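Here chain A shows up in two complexes: once beside chain B, once beside chain C.
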Partner chain A sequence: MKRIWQTLTSGMSKFIIVRLLQIILVLYLYMTLVFIILEAQPGDITDIYTANPKITPEAKEAIVKQLGLNKPIYERYLNYLRNFVTGHLGCSFKWGNIRDVPDPVCREQRPTWDLIRERLPRTIVLFLTYTIVSFYIGFFLGKLIAWRRGAIIEYFSTVVGVVLFTVFTPWFALLLVWLFAVNLGVVPIGGFINPDSWTNIRQIGSVDCSIGISCSNIVFNHMLLWLGGLTLFWGIVYLWSRRFPYPWQRNTARWGAVALGLVLAGLFFGGGWLGEIDRVVLARDTKFEFFVWHFEFPAGTIPLFPLALDFVQHMVLPILTLTLISFAGTMLLMRNTMLETMREDYVMAAKAKGLPDHVVRDKHAARNALLPVVTSLIFAIAFSVDGGVFTETIFSWPGMGQLLLLSALEQDYPVAIGSLVFTGIFALVAHVIADILYAFLDPRIRYD
Partner chain B sequence: MAPLTTYPVLQVENLTMHYTTRKGAVKAVEDVSFSLDKGEALGLVGESGCGKTSVALTLLRLLPENAQFLGGHVYFFRDGSDEAHARRAVGKPVKILLDGQEHQGRLVEVDRSQLVLDARLNGRTQQIKLGRDDIARLGVDLTALSDEEMRPIRWKGISMIFQAAMNSLNPVYKVGDQIIEAMQTHMPIPIPEARERVAQLFQLVGLDRQLMDRYPHEYSGGMKQRAVIAMALACDPDIIIADEPTTALDVIVQDKILREMRQIQKKLNMSMIYISHDIAVIAEVADKVGVMYAGGLVEFGPSEAIFKSPIHPYTKALMSAFPSIKGEKVKLAALPGEPPDLIKPPSGCRFHPRCPYATEICEREVPKFIEHKPKQYAACWNPLM
Partner chain C sequence: MQAAPTFKPAEAIWRVRLQLFWRGLKGSWAMFTESKIGLTGLGIIIFFALFGALWPAYPWLMERLAWTPEELEAARNVPYGAISSIYQVYDPVTGYDPLIPGIENPTPPSRRHPLGTNQFGRDILAQLMASTGSEFMLGVLAALITVFIGTFIGAITAYYGGFVDTFFMRVADVFILFPLVSFLIVLGSMIELTLIKLAFVLGILYGFGQITVILKSQALAVKVKPYIEAAKVAGGGHFHVIFRHIIPNLLPLSFLYMMFNVTGAIFSEAALSFFGLLPGIKVSWGIMIDSAHSGGYILGGRSFQNWWLWMPPGIAITLLCSAFYLVGRGLDEVVNPRLRKR
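Our next item is the complex of A and B:
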């Protein structure tokens, strides 16, 4: 017992625990703020019926009463907090139930949590992918242009990067849609699946998909789990391989883990075992489009990959847009810090040790230059939450940003509050992860 | 092959290097020549900015991008039987030590038993073939190597202890791992063995072996200095260049570390180049001394001879500007004037504006670097004899 307490209170764990407690406090303040701000807005749900003569003032009052909007504000605030703690985020004013069985609490209304559970993974996947891609491109280019200072690539990427960084985001996004989706027709215009193909699906795994599109999340969650699982697996192999006696053994283990992960994922999505979880049953012959290619699948059992690819092709354009717009920030920051670390004595020492050029650059200079850039990554994650409203609207990506916009426009309080709170939780968790990451990247930082 | 009692590991000839700046070329190294024998410690001494570090960086080819290498040769010697060394030398200018004689030429071809050389003999160029076993030393011109060919020489051939050793350890890696990295770059050695070797090196420089799994920020200044020395020793190099190895340390630690370095150098029979502005440090460790002034070598010779009777006025001035703890009390004589601007150095002898012995010729002509006393070279028109 004493030992457990010691581990909990020592260094890193203590830091994480303290940080989590702080987060709970921040979250409480944030939730209160969100509630107050939404309450302070003029009007309520009945405003959307203003232009509808069939809804009489009496009917409006009945709606207000039914939704509990006539209760005093403190009572509603306490209700809201109590609901949140018990894990119930209220019922949507707008969205109707789509399940066969009515919800025990919300009946014909749709529970907010149900909406969020459906949409949060979509936002996380889109923005996590974009953050990683854009961060890596920025990091890579920044490192390169600092290392080969004065080369053509420096002028080119700096000018292009800065222009894209300052351009008006929605305009640029629409321009790319016009170019790649409308004119060239290589990617879908928007949305996150191609409904024509999905309506023919009768079953995914063991779940009956008679309602069609609602099944998309099964595939989506599979992809998410695989991504997370493989990353975790690779991380473990990486740490484990550090103890290997020879460098080539380390590299073999790391690349081997990548290959193994890809093979396993390929087997799963390619129909390697077509079991209880990765089988898709088509009701009739279906055409799947993937960029410019078309696949025709006969009715019957098919693997998951056409559905997974359908997601991927819908993600390409949003990710491309977001990356182009934002990579320059990381790139310029990386360039500056890299130029600074390149002057350090340990970089010269690494060169003198006879290490190959790319090892000096990556392992010694870039590794140290990375530290301040990780800080900017935290801001990038925070940005992805508000940027989501823009991007998801333009690309009709049915994620949290779009949900937030729709519910705010339609005075759907529970959903607006719920999605705001969840984006807040998302940002806070990202901050903690970044803090922990930082402690691992820089051994000089000890949070005790 | 007669065993040699002393043989060269490095010969530097007429090294010249300038830095390009907006104001003009900084003539940082001008016509510097010296040689270093096996097991010998050479001290390069001079004021800050006189080009000592630039010489060291030129040897290792670690110069910044604005540096312009303008000429000279750096011959790095190894045994004629060293396969990798001989292969590397193919097509390059080489120097060969054969029966106590030095031959210069270009290596054309090399195989298991012999070496084909284009060399000037008796006034005309001819191709000669030499048995590998006859060759005592084979020196390859490092300035002719490509970067990739230079890489194996770094650390394995010539390693370096950098100025401000505190900063030459990467803060994000464990000290032991940084030393192992250097070893694994140059030899296929598994980690357990490499760790054992690091432990031995740590013992040699007086560090606890537990420290190899610590990060640099957990070290004190003196400990870092020792770790850096251990790192320089890691690949068992032929030459170690120690650039101001102890400047950042306090006098007591400085003295202790210098003594230990001297001991290690004797024990492993290693060749070393010490670089310092502190003539007291050089006096303590060096067998031979090279005195530099404004980018050029002004005096070179055995340290005893130079400290007893310097030939060049600058050497004398430098010596009397430093206090000695031992010996009688003398008034310190500060050298008047400033070190010259290396963009527009003074004409003739670069030291003449500050030289008390300067005559009219000093202003006009550059003095030749010649042997004034046995083995004691100097570039001066009015040598102090």
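Our next item is the complex of A and C:
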């Protein structure tokens, strides 16, 4: 018992526990704050019926009673907290139930939690991809322009960086849609899937999905699992391979893992792995139009690959836009920190040893300039849902941000408030996870 | 008779202070002008300030420069929608040109309308100019509130420490991770946000967040300086030490962060009005882009047609935001000792 206590109260575990306790406190403060601000608004939800002659005062009274607005404020506050803890986020005013059977609580309306659960993965995929891409590009370019200080490329990239950093996001997104989708026609204008490709699909694996949207969810969840699994696998292999003494051993392990992951993913999406899960069965007597596959498949089936490609096509433009907007901030930050590390003695020493230029730059200077960049990465991940509202709306990507904006515009308050609180919770949780990972990655940081 | 002793009176304390202040300002200005970045930004800000200040004179100028007497006469005598004064043509919300048939709008740039008209017949340049002032006001007001709160809370938390410190730092944690955009969207759908209200909301939400943490760490560095001890020994109370010694030393840094906050505030206003969540604001750069977009003039055209509807407001927002950001970067090199001499 004593030993367990010691492990818990020392070093890393103590840091994690303290951080988790802090986050629970901050979560509570955040939810209270949202409640207070929303309560401070004049009137209540039923005010939108004021001008509606069909809603009599008695009916209005009934709605107030049904929604529990006549209860005292502390009771409503406790209800609000309890509902969030138990996952009852209320019923949407506008979204109808899409299942065959009525919902046990919301009857013909759709529960907010159901909407959020459907949309959160889409947002996470979009924003995780762009965060990683844009941070890598920003890191790489920032490193280069700091190293070649004073060259033309530095002035050019600083100007471009500042413009992209401060550009009005919705306007810039529209500009890119206009250029790439309307004029060049290389990518779809917006949306999530191309409905034409999905109309004749009967089942995926063994799951029957005659309603198009749930089909796309299944494929999307497969993609999400693969993306997460591969990232985790590669990350673990990367960390594990660091203990090998020779570069060739490290490189073999890392590239081997990359190849293995890609081959497995290729087999899965190519339909050659498990027929139970990864074959798409088409409706009888139809052909799948845009894809020619070279292997023999049972009649009327295709692999998941073309369907996955449909998502990827729709993701290209949002990711390009988000990357262009956000890589500049990373680039400028990386340039500044790199300029500082380049003046350190150990960089001078590495140069004096006669190490090649790129080794000094990549291994000695850039590694140590990475810290503030990783800090800003943590914040970027935390803010991804929040910042995604504009991009998702303009590209009609049906994620959390679009849900929030649409429900706010249509005065669908349960969904709006539910997704607002959920956005905050997501930001907090992402921040804590990133914080803990950060402490693992950087041996200099021990918060005790 | 003994001559009355003549002596030079000691210089008044306010004059000494003014001189010191002036000298410090000159030094900072010299450092500021060393970087082209800050000067560029300042130039753009001055340009926009003049641009916005010119707005009341714009219809008057156009009447004399662009309209011929015959056109004016014709505009006063058209069968429907005749105007009585030129201000009716250049009103940013209700204006129209009686000589252009409504069906022809949007019209490309012409002599009477240097940036063309939008689909409702409003003069684009007039709309741009009319909203410049409010963008400035919103940005500066929100940033002032932010800096006021941030400086005050930062100084107090650093000075008192203990419970005050813990409390405000946890509050700052909440505000740093606060989903500001989402929150403003939900709030905008519930109440009618006017410019002043929006400035206060933005100012408060930014004020308790990151800026408090940054200014607190600066205030901690100030707090251990010998002159704070001296002030305490000389009998200065808490209030005196905080307001006369700590806060003046935080002001340069506060001013720097004010610039970055102006950028954030202008951006938020433009984004919210773009999505139609600020019904209290009738004309703004965001609304201009929105009306071009919802009218199908951005994504509807394959070539660059109708550019005058959406390029000017987009460029204006980008330029003004980047101007404040650039001034902030220029000030950074003055305020931040690590960046000073490169």
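Please note the rule applied: the second predicted complex is superposed on the first by the 369 of 448 C-alpha atoms of A that agree within 3 Å, B and C clash if a C-alpha of one lies under 4 Å from a C-alpha of the other, contacts with A are read in each partner's own complex, and residues count from 1 in each chain.
As a working rule, contacts are C-beta pairs under 8 Å (C-beta built on N, C-alpha and C of every residue); 3 or more make two chains touch, one makes a residue touch a chain.
The structure displayed is predicted, hence computed values, not measured ones.
Peer 1: Check whether A:Glu340 is in contact with chain B, with chain C, with both or with neither, and answer first, second, both or neither.
Peer 2: Second partner only, chain C.
Peer 1: Quick check for you: in the superposed arrangement, does A:Phe390 touch first (chain B), second (chain C), both or neither?
Peer 2: second
Peer 1: Based on the superposed arrangement, let me know which partner A:Phe168 touches: chain B (first), chain C (second), both, or neither?
Peer 2: A:Phe168: touches chain C, not chain B.
Peer 1: Let me test your reading of the model: by the given contact rule, A:Gln22 touches which partner, first (chain B), second (chain C), both or neither?
Peer 2: The answer is second: A:Gln22 touches chain C but not chain B.
Peer 1: Mind working out whether A:Tyr246 is in touch with chain B, chain C, both or neither, as first, second, both or neither?
Peer 2: Only chain B is touched by A:Tyr246; chain C is not.
Peer 1: So in the superposed three-chain picture, is A:Arg367 touching just chain B, just chain C, both, or none of them (first/second/both/neither)?
Peer 2: first
Peer 1: In the three-chain superposition, say which chain, chain B or chain C, touches more residues of chain A.
Peer 2: Larger number of chain A residues touched: C.
Peer 1: Touching A:Leu355, do we find chain B (first), chain C (second), both, or neither?
Peer 2: first
Peer 1: Touch test for A:Ala146: chain B only (first), chain C only (second), both, or neither?
Peer 2: Neither partner.
Peer 1: Which of the residues in chain C come into contact with chain A in the complex?
Peer 2: So the residues of chain C in touch with chain A come to 170-171, 173-174, 177-183, 185-191, 263, 267, 270-271, 274-277, 289, 293, 298-299, 301-303, 310, 313-314, 317-318, 321-322, 325-326, 329, 338, 342.
Peer 1: What residues of chain B sit close enough to touch chain A in their complex?
Peer 2: Per the touch definition, chain B meets chain A at residues 60, 62, 147, 151-156, 159-160, 162-164, 167-172, 181-182, 184-186, 188, 190-193, 215, 217.
Peer 1: Could you please specify the touching residues of chain A with respect to chain B in the complex?
Peer 2: Of all residues in chain A, those touching chain B are 243-247, 344-346, 348-357, 364, 367-368, 441-444.
Peer 1: Note which residues of chain A are touching chain C in the complex, please.
Peer 2: Against chain C, the touching part of chain A is residues 22, 25-26, 29-30, 33-34, 37-38, 41-42, 162-163, 165-172, 174-175, 177-178, 181-183, 189, 339-340, 382-383, 385-387, 389-390, 393, 401, 404-405, 408-409, 411, 413, 416-417, 419-420, 423-424, 427-428, 431.
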